[in-house]
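Per-chain numbering from 1; labels A, B, C and D assigned in written order.
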Amino acid sequence: MQTVFSIGVDALAYGMVLFVISIGLSVTMGLMRVVNLAHGAFAMIGGYIASYAARDLGLAYAVAVMLAVAGTILIAIPIERLLYRRIYGQPELTQVLMTIGITFCIIGIANYVFGPTLKTIPTPETLREPVSLGFRTVSSHRLFVIACGAAVALGLWYFIERTAFGVKLRAAVDNAAMAAALGVRTQVVYAVSFAVAVGLAAFGGVVGAELLPIEPYYALRYMVTFLVVVSVGGAGSIPGALAACLLLGAIDTTGRYLMPEFGEFFFYLAVIAIVWLFPRGLAGRAK
Amino acid sequence: MAMLSNSDTLSVTSDRRARLTRDAVGVLVILALGVAGYVLFPNNLALLTRITAIALLVLSLDLVTGYCGVATLGHAALFGAGAYGAGIAAAHFGITDPVAMLAVGIIAGSIAGLISGVVVLRAHGLPQLVLSIAIIHLAHEAANKASGWTGGSDGLSGIMPDAVFGVWQFDLWGRTAYVFGIVLLVVTFVLLRQIVRSPFGMLCRGIRQDPVRIRAMGGSVHGTLIRMYIISGAVAGAGGALNAISTQVVGLDSLSFTLSAEALVMLVLGGTGSLYGALLGTVTFLWFEDVVSAANPFHWLTIVGALLIAVVLFAPKGLYGSLAAYFERRGRKNP
Amino acid sequence: MKKLAIAALAAALMGGVAHADTIKVGVVGPFSGPFGLQGKNFKAGIDAYMALNGNTVGDDTIEIIYRDIPTADPAQSKALSQELVVKEGVQYLAGFYFTPDAMAATPLLEQANVPMVVMNAATSAIVTKSPYVVRTSFTTWQTSTPIAKVAFDGGTKKVISVVSDYGPGVDAEAAFKTGFEAAGGQVVEAIRIPLQTNDFSPIMQRIKDSGAEGVFAFLPSGPTTLGFVKAFNENGLKEGIKFFAPGDLTQESDLPALGDAALGLTTTFHYAVSHDSAENKTFVEAAAKAIGNPAELSFPAVGAYDGMHVIYKMIEATGGDQDAAKAVEAVKGLSWESPRGPVTIDAESRHITQNIYLREVAKADDGTYFNKEIQTFEKQGDPGLKAAK
Amino acid sequence: MSAIFDVRNLKKTFGGLVVTNDVSLSMAPGDRVALIGPNGAGKTTFVNLVTGNILPNAGSVMLGGQDVTRLGPTERVRRGLVRSFQVTRLFSEMTPEEHVALAILQREGRSGKMFASHRAMPDVMEEGHTLLSRLGIAHLARHRVSEIAYGQQRLLELSLALALKPKVLLLDEPAAGVPQSDTARIEQAIADLPSDLAVLMIEHDMDLVFRFAKRVVVLAAGEIIFDGSPDAVTKDVRVRQAYLGSYADARSVA
């Protein structure tokens, strides 16, 4: 029984890490209809900035996180203006080509600037201490990530469903021409959503770095995982992404505990089963 | 009425002639490039053979992605099945005749195509992409687990193909392998030209553009796509077998997500929905990669990335698509 | 071009030098991609050797040609090796980080009359694939066997083994199991985990539940190792369960990222950057200069450095002529003082016989981490070849 | 004459909402029936039920005496129940010639052929050409659909349906979106439809309905409230109520 709880905690923590890192991709893919394979690259940029700020400059963790988010958005703005703007509304395959190209470039530059070694982001003392849950201990960092996941989910939900900007965003997504006719400046809406998505990527990259460490190939290594999680959840749906992350996290963790040899099989068979049952994703909307 | 049917039959024959001419030109271009490769780069035949094998994979991907509109990032499963099929036949069952190995590869590829098709066609769009990713990972893991048969991560070695038709030995310079590959490519290309222009090919293109319309015409969408997937598997399987025969080794990379993604990149680079686009994309990407990675083995990835971005910005229909559109425009301006 | 050739010819005739050739060495390795750091170490080792020993042997100038294979890809390795031989005309093939890449190129050697000097790939069987293969690195069996003895002698009787599910991992598992059970210990469970593993918590739970007193681990360097070691600490396993591994896991370039989590981990390996000898000081100084960032230096560099030593000896013996058999024959039984300690190329297996050291990760006064050598197992051959027979 | 097309007591609910309730409609070969009704009357649902894109909760669809209620859309097409779309659904990168050839080959079960070209099949080419000539678009046979005018696309849509040689034809607003200058062509084409074909046309344009139909069926709120001659329909109290009522509703909403 204790083992079951223990696995449950691990599964929840892993699922939340996946959620925090992937949710930004869900925004770009679901709301902006861009297959953004460079999502991991932006998460990586965030990680590098935070690592540099916290480790080399010795800044506090919270400051490093904020710097990472702001810095990544700053880097992303010209990329959005020059490159992404050309692929809004283009066929998916064109978007794939462009964003893979961007990913390659960012990897190359990161490799050149920061070198190929792993970069860590020093966490404050309080996040390093193990916390006792009675039946086991977990690192407080994991609890922090779970809390971040919950906060992001709520915040994003509020942002999209309850704010004036969210209304504009949804209008622009459903019918860009109509929204433009109603006076919504769709270019601005897209730019802001892109910034939000990139900011979330950077945030996820930083808080998830304990599990998915920062190195130049981060951007490619975890691309598939992000893509799978978002698509299984149904792109653009926050509850869907959350459900997918928790479900896949649970299946992955349990599978790896019960039969570690077949961990990969468990995960991908589960993916096939879920998509088979929900061909549009867990919370997929009909087109 | 008589006049009409008369002129119709006339146009039928002249059409056929025009088509045959165009096909002949296509084949001649490939052959000419093949010979040019042999003469100009006699020391690069191993690379050229590898390009040929990958070209078969990209052609095969074009059949389902370009002609049928199926998005997949797991197409290497078909290629790998062919490679391992041919490799296992040679290493474990003593089937070392290259043509027989090719046949085994084609059959293995077709079966993999059938299985992939059944799974992948269950969903559309992103979830479809994810299904294909799941397939390639499962295939990769399965091959890793079955190391008794596949050699696992060490790769399957001990593939010693006989001489082609008992005459041409596979040599160090890779001449035999190269000619074998080019012949295979030309034969495949001719067959595929037929298929994509046949009623079946038309049906596939129709499905890509509007499956609802095809159903309203009484056409079977799923059945047609599955058939195309099997054909695609045969082509990819042939590519895999060629790779196994020419390099005499099969590694897990031939069943990898990376190879699948690269194949898709090459296809989109060249232009989807055209066999020429698939070929052009493969040659451009692999040649470019070879040149820049030899020039700078440490930072070539950045340059490849820049190339991909440039293609999207300046040739959004892919290299071949944009070239064709350019010439069409010019042709119209000065007829 | 033509003019140049004529000029060269004229120079050769007038100078009357009979043999001033350029001898090319083709080096295949992962110079970009996720394993780019290892390839960088190859280059650092080679550069260091050539900086210290010059780029000529006799009258011949040595030229290195690099070819990149980012991840294990035997077909590509074969194609590139073939290209190196027929197009570039290399007399020696070297490098090879991954076993499948080395294996794929071995069938070429006899036909091409080219020796292969393996600078890393660590599966025992490679040297049996062709009589022209010489290895200057190590095998997983060689580095994993001593740790079994260390574990047993240290009082650990029950061990769970956790390895990544690929060739080297399976080798390590077998090597440890053989050594540990021969000593009288028991491997209570042997787990193979997929290469792609992000979250190790469930594995840690599994280790806890197994009731073992120690864990033997083998994983590829980089994120996987980091994740494993971190999870080992975070889940509180460090108290109570002992950690054993070959030294790949605590390679110097990963230590800064591992940080305090790695402190106290014991591993056995053939080389530590901190090895205390004059040869090593010279080597580290030159290699650090070559690689740029000294923190990136790790074991593939020494494999490459010694590999170059072997190649130089081969060129010396053949006088620059292309004669693979003679070249290989010349280095059989060759002994020298490597930066890692005294080494010999075993005449029978053509694999390197060397000292294996027990090390512990420690923190230096300046806050950096290093592998501190605490015990030496002298003149270790490769037990893997015997095991395979 | 026996019914070629017979819908009995068709019912469909979405959740708790009844969209089609107990609808029955029968047609004989040669019938020209118009189906009209205010917006939201359930016409689209009715078409989807008949073509098999959605399955009914109750009731049956008979085609040529056979029950096809449980068959999928493709199978119904193969048995002679063909529809056209309100908004053209054509393959923008293909030519009219290819469209028609594909439909003919599909009808004859030859669309799976891999090693032949339709252009090398004189029978297909001739039938296709005849069909396109009849609708006056033969001169466009080799232009891409994306390059031809919308009115001509509507004609192609119609010729596609005809190429399938249907027994029952469902025309979903065949003149919708067509510029005034082209409607005459389309009307002519409809008037020239084979006389043994049963045609059900869904249409808003009452002028067209009156010129075309021998019989009018009115669907309102998911039920058939009128089935009779065009003359009688304007005088029917329930029809007036349904239309005027919905007009009043529309006013109040606006």
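Heads up, the rule we're going with is that a contact is a pair of C-beta atoms (placed from the backbone, for glycine too) under 8 Å apart; a residue touches a chain by one contact, two chains touch by 3 or more.
Keep in mind that this is a model prediction, so the values were computed, not measured.
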| item | value |
| --- | --- |
| Chains touching both chain B and chain D, listed by label | none |
| Reference chain A; chain at largest CA-centroid distance | D |
| Centroid spacing, where centroids are CA-atom means, of chain A and chain C in whole angstrom | 36 |
| Length of the line joining the C-alpha centres of chain C and chain D, rounded to whole Å | 73 |
| Length of the line joining the C-alpha centres of chain A and chain D, rounded to whole Å | 48 |
| Sites on chain C at which at least two other chains make contact | 32-33, 36, 40, 165, 194 |
| Residues of chain B whose C-beta touches two or more other chains | 141, 145, 299, 301 |
| In contact (per the touch rule at the top): chain pairs | A-B, A-C, B-C, B-D |
| Residue ranges of chain D in contact with chain B within the complex | 51, 73-74, 77-78, 82-83, 85, 89-94, 98, 101-103, 105-107, 110-120, 122, 125-126, 129, 160, 164 |
| Contacting residues of chain B [partner chain C, same complex] | 43-47, 49-50, 141, 144-145, 147, 152-155, 157, 172-174, 243, 247-254, 258, 293-294, 297-301 |
| Complex contact set, residues of chain A against chain B | 29, 35, 83, 86-87, 90, 92-94, 96-98, 100-109, 111-112, 224, 227-228, 230-232, 235, 261-262, 264-265, 268-269, 271-272, 275-276, 278-281, 284 |
| Chain C residues touching chain B - in the complex, by the definition given at the top | 31-33, 36, 39-40, 66-68, 71-76, 78-80, 82-83, 85-87, 99-100, 103-104, 107-108, 111-112, 123, 129, 165-167, 170, 194 |
| Chain C partner contacts - residues on chain A that touch it in the complex | 3, 6-7, 10, 13-14, 17, 111, 115-120, 130, 137-139, 141-142, 210-213, 215-217, 220-222, 225, 252-254, 256-257, 260-261, 263-264 |
